[in-house]
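I'd like to ask some things about the structure below.
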């Protein structure tokens, strides 16, 4: 484990002096965790560098990846930059995506989906509190499977809220959420307590 | 997250949490349990855990318990009392002139000490490794994993889900997920508590005594199938004494207790249990029952 | 910047003939789309290559990234391989990632986690006995955080047993539980006696 804290940037200097990571490394690190195309301006802001420098850096990097025959490349799409798999690796990636995934939802996934369906829009923290276990990974799977989607943020907490999708309705053969069966017959009588209980826990 | 351990008790390489040397006095109330407190006291006096100046640590430990008012829960109190009692025991043993004779009590004390310190050492080990965990977590948090949605062209390739449930099954799953889990309870099913009625015992004993006139308690309880039944017999006798139908006689302390029937032909009819709860304790109790 | 193409594998292997991408590119492409640690075996299956070849390829790639000072890094954690940002880019990535901050654990939570990690599978009562304080609430929090999970019940006592999760390994950056530091140097010699004693009391 490195105890090397030279990476800490001094407040006044832009990223990438002698001690810190260079521009190339900074761009790579940011793009690696970006979950949607990142505009040049945003990167420039984060790195505190002039935009043209960032733009040049991104283009150089994209060229480098192509020349080196890497498995990924960097593309500018929809006003932002993002890592993509290289075109000629597609068949393998396809095989990986097909083979690596379950075709059945786990019990945990079904329960999580049910909580989202009846409590939507709802935050991950809330779902986890209701189920008593961490649901972050399961919700990511449900999003990946197109059953659940982002529906904005909670105005108070800023937490992302989730709701079910049209595909979810399709799978359950329902025209709308109004057709979700009433929970009352399935619940113990003290349903009021449940609501209260959840509120205090969540 | 005020940790109170001194440098010698922490792995000391995390470099993240503020960990002042003067933190001890300030954060006295953050001790989470008796082991925590004891370790804190020991490290405060810079003592080796195996050669603790017991009397001093014991006094401070007891003082700490005395200071705390309110905010205790039963669980905490019992843990603290257990440790305090052990410490007091050990302190008492130190204060007494130590003779050559190793009687059983001495041995028990030694065992208690060893056990307490062994558990303390064990606790300290986990505390140290917890500091290692904190360090590793802090270091690991500086690296971010790639965790992004699939490119759209691949997302469409995910194998179609097998979906076998309908809305009703789905609602049942939701109801189960939304029902609060029952709080964990300790099962007592395995304890076969046989209830013995004191009234029944009283009637039984009265019957036997009427026939015998006089009998020792040993004799009267000889048929008992367990301690609880002996206890019940004894309580029953006290009830009969209150009814003024028996007399007790014990020749020597710790000697046999003799019971004499003085009630003539009286029928025994005791009040239902609970009607006079607490009376028993106020009953004169001169005899030295065994 | 490496121009070293020795990583390209020999022609005869299925996933890397003259026209197709080499092993290095394939590994990069697959890991780029993975959102959780990918086991070597799974990659070997998808690429139809021997596992040792894949293992060597992954290690070579990780070394190459480190030598080239890239912004990302390949690491084997929680039973699989995954892209991570490089450590000295952390300040920049933190600035960029919105909700990425992990909540720091309390001292009590860390100690409880340590006991569970070394004693697993373990009941709440056992953990409480070791720490000298009731740990029920702390364990519930650890479950909610996804660091600890239910692993069935003790056949004798019926008590719920707990163990650490894959997320726990991720948070500590460990490939497996074998990497837990050795506890022996910290422990008294007669640890067995303590164990026995606890068992009767717990």
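Per-chain residue numbering starts at 1, and chain names A, B and C are given in the order in which the chains are listed.
Everything below uses one rule, namely that a residue touches a chain if its C-beta (ideal position, glycine included) is under 8 Å from a C-beta of that chain, and two chains touch if they have at least 3 such contacts.
Just so it is clear, the structure is predicted and the values come from calculations on it, not from any experiment.
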| item | value |
| --- | --- |
| Greatest separation from subunit C - chain, by CA centre | B |
| Central subunit by CA centre of mass proxy | C |
| Inter-chain centre distance, subunit B versus subunit C - centres from mean C-alpha coordinates, in Å | 37 |
| Between subunit A and subunit B, centroid-to-centroid distance (C-alpha), Å | 47 |
| Distance from subunit C to subunit A - Cα centre to Cα centre, in angstrom | 20 |
| Residue numbers of subunit A (touch at least two other chains) | 2, 29, 32-34, 84-85, 93, 97, 132, 140, 144 |
| Interface hub residues of subunit B, defined as touching at least two other chains | 136, 139, 144-151, 154 |
| Touching residues on subunit B, where the partner in the complex is subunit C | 1-3, 32-36, 73, 75-76, 79, 83, 114-115, 117-119, 121-134, 136-137, 139-151, 154, 184, 187 |
| Interfacial residue positions of subunit C with respect to subunit B in the complex | 31-36, 72-73, 75, 82-87, 90, 93, 97, 100, 102, 104-108, 110-111, 113-115, 117-118, 124, 130-134, 136, 158, 160, 170-174, 181, 183, 186-188, 190-191, 193-194, 197 |
| Residue ranges of subunit A in contact with subunit C within the complex | 2, 4, 6-9, 15, 20-22, 24-34, 46-47, 64, 68-72, 83-86, 88-89, 92-93, 95-97, 99-100, 128-129, 132-134, 136-137, 140, 144, 160 |
| Subunit A partner contacts - residues on subunit B that touch it in the complex | 13, 15, 135-136, 139, 144-151, 153-155, 157-163, 165-168, 170-181 |
